[in-house]
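The same chain A turns up in both complexes below, where it pairs with chain B and then with chain C.
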Partner chain A sequence: MLDLALLVQYGPALLRGFGVTILCWGAGCLIGMVLGFVLMLLRQLPVKPLRWIIRAYIEVIRGTPFLIQLFLLYSGGPSIGLRLEATTAGILGLGLYGSAYFAEIFRAGYQAVPKGQVEAALSLGMSYGSILRRVIVPAMLVSTIPAIVNMMAILTKETVVLSIITVPELMYEMQTMAAETFATFETILGMALFYWLLVEVVSRLGRRLEARVTRFLTHASPQGSSTETATARA
Partner chain B sequence: MKFSVIIDALPYLLGAAVTTIWVSLLGVLLGQVIGVAVCVARQSGGRAADMAGGVYVSFFRGVPLLIQLLLIYYMLPLIGIDVPPLVASIAALGLASGAYVSEIYRGALNAVPHGQSEAALALGFPGRSIWARILLPQAFRISVPALVNELILLLKASSLISVVGVAELTRTSQTISASNYRPLEIYLAAGLIYLAINGALALFGTLVERRLQQA
Partner chain C sequence: MTAVSQTATPPRSSAAGDAVPMVSIRGVGKSFGTNEVLRDIDLTVNRSEVVCLIGPSGSGKSTLLRCINFLEVYDRGEIRIEGKLVGYTEDAPRRRLSNRDLRDLRRNVGMVFQQFNLWPHMTALENVAEALVQVRGMDKAAAAAHARRMLDRVGLAAKADSYPARLSGGQQQRVAIARVIAMEPHLMLFDEPTSALDPELVGEVLQVMRDLAADGMTMVVVTHEMGFAANVADKVAFLDRGRIAAFGTPREVFHGSMEPRVQQFLQTYHERNSF
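So, the complex of A and B:
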């Protein structure tokens, strides 16, 4: 089995790699969610060409492999003057990839907000900005948290693909270690177990967050339909 | 952008796309077999089978596909099975897909009314034919949209087998763009081919779904 001395020797590199993995994941999720939310909002505007463009963007991202998107960004980018470092390209790629999925998740959440709530808010004289902030987004959050958590777990797994465009994340460092020590199988097995644990932790934390957010919103609006959504799913 | 580059490379890319398609199809077929077996074993094989199935599903859904692929690729020679990368890749895709498919079937089985298997029992059907003639056909029909979705996901995931050197669409694009220094055009073309295949699959899925609804 794996020599423990190797772990001591390669420990710092693996730890650094894990840091890069977390950085790429965190930044990628953030970009993906923000961009996804903006895309979802823009899609609500009554401008037909804009809708088509956003729809095409989402279909293209969801219909092509993540790896091809990364190659296009990292290797194809310089042809149009877009020269990115591997890690930057990786974060941006992960963010763009996630944004299409998040946009769809948010759209489903937006549509699930009862019309009557928005109409009620309008008739109370609330501005669109404050309707969005105080009515739509909270209700959306409740109904979409499971899907968001699921997507974040998927993105955790996708970070591994970044190793192919030489982002020095955990998988990349692990492959370097495997190549230098010839302990290939043991290293990969260790890595499999590690990622299994990591994805499990992300999902568990997500479920806890879900319970938390749901409870908070239930207390905040005891008669709102967000309560109904929450109890209907539980 | 030089479109002549794409035209020149197109025959190779399309040839590679055919490899992508049949590798994915074989992966999905293997995944179906494994998925149905795991699902049936978990439902009717007692506690130990359920737990083993649960670990299988959790592992293959929790570990990134790239790592699964490398694991299988390096593990098979260690246990004395020397197979070409292509076979290892199909095995990896099938094992990964099987985990998702077994969950799809589990969900679909829950949607088949309980009375169905009770009625079959009352009519004296033996256990195996309740599965083969009552439960699985109905579960299959319910799960068609999810299964087509799974095929599309697997087709995209198959780009990862380029890492172990299988000359499918992604690998071939890499090879071509490394020789003509036109990565932008080549990867763009590859992306469009993936998009076209997935679009066709989605259309096919809608047609099958409509057909099954009529039946």
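So, the complex of A and C:
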């Protein structure tokens, strides 16, 4: 018999866990995006060894399971003097994992910026910093937002792995609940609901953001040219 | 705040400046691998002159134009703008100019592109004001006011708040021209400015260019508009396979040139444009 009262009884613990999940996810996404952006920029430099190193990093991260990376960081870290708290390791691990994917998303976005828009800025004497901030990044946002939101949704679900290194996030709390009550079905149901809720919020926000950054891309209206021509000639 | 005069056109001539040509191209060559796209080009553009580069596609006109502001790197020879070597230091052996020096050089040279290249996430006004803020260091209000005057000059004051996607090709190109003249360049480069336009929109852009020429702007124009070249240009250079095959006044090139390739090019042009 389904005992939803259990979810209420464990409510505070679950909400705390949910909070930790959101914290790890948010901080992990932020680190991943910042690091991914920096990696993408460094990869544009005409320094071959640097490019190889970054490529190797991305290949290794993408080619190995997140679980193993996290173990290496948390359990293997101390052997090279890197002692991290579980939550810190979880956030950092998530950030490193995400950075490889974000770097690739940003690289695609960077390459998709029309060359002419950059040349126009160069020909006006704008510096690379200005061009990056004012021309390239806004253009990149337009083409990469769907992929960024997608990656963020994937990362919400990767947070469950953090429970394995004892980060007290939602999965961890849920497992505790299951172990104490043997209410496996309720636990799994509750968990699905929480993650679904999070992903739903992320994708809704993503759609809004997408609408916002692409609002200028409405198609040219048929009006305009004829009247304006007259003005120009007048 | 930087002071900005009402007009974007530099003084028509100054006694000291007249001696140095606006653009001086000497023995310029460029190769893409084994393909020689520019061979031994010599060309002088004086102050307030309009020089049109014409010729078949692939003849190197656009490449030559893009070498003038170093969007394209030339390998041999030298290009000077107001006496300053473009893209390289004066040392021997010459080295590439630092980014900062290159920017200083480029801010006096405006370029108008075939594909307009407006920034789609900025309104017409923001497009024009951007470099005033980023390059000239003007404050935002002053830049916006100046940008508005420039849009007015190309007849688009009413479209200041429109995004490029809402503008016709002709309007976009006029915004692009406003964006350039706002910087008060000494020299303007036009890379087939009307080639991407519907035929009925070509006229409005050419009119703006005529006005600029009449105001004394020095212009180098790559174009397929022979009418514009014939009526507005002071000099016409006909390029063929990376060389200047004919050079002179429009009359000399269009009517006096014995060069068979010029004849053939004009013949083809007339056939394509008659119906």
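We take it that the second predicted complex is superposed on the first by the 209 of 234 C-alpha atoms of A that agree within 3 Å, B and C clash if a C-alpha of one lies under 4 Å from a C-alpha of the other, contacts with A are read in each partner's own complex, and residues count from 1 in each chain.
As a working rule, contacts are C-beta pairs under 8 Å (C-beta built on N, C-alpha and C of every residue); 3 or more make two chains touch, one makes a residue touch a chain.
Because the structure is a prediction, the values reported are computed rather than measured.
Shared-chain residue A:Pro114: touches chain C; no touch with chain B. Once chain A of one complex is fitted onto chain A of the other, the partner contacts of A:Ala86 are absent, as it touches neither chain B nor chain C. Shared-chain residue A:Val135: touches chain C; no touch with chain B.
After overlaying the two complexes on the shared chain, residue contacts for A:Leu72 are found with chain B alone; chain C is out of touch. In the superposed model, A:Leu122 lies in contact with chain C only, and not with chain B.
Residues 1, 58-59, 62-68, 70-71, 74-75, 78, 152, 156-160, 162-163, 170, 173-174, 177, 182-185, 187-188, 190-191, 194-195, 198-199 of chain B touch chain A in their complex.
Those residues of chain A whose C-beta lies close enough to touch chain C in the complex are 114, 116-117, 119-128, 130, 134-135, 138-139, 142, 213, 216-221, 224-225, 228-229, 231-234.
On chain C, the positions that touch chain A within their shared complex are 69, 71, 99, 103-104, 106-107, 109-111, 113, 115, 117-123, 130-131, 134-135, 154-156, 158-159, 163-168, 170-171, 174, 176, 179-180, 183, 189, 201, 203-204, 207-208. Only residues 59-60, 63-69, 71-72, 75-77, 79-80, 157-161, 163-164, 171, 184-185, 188-189, 191-192, 195-196, 199-200 of chain A touch chain B when the two sit together in their complex.
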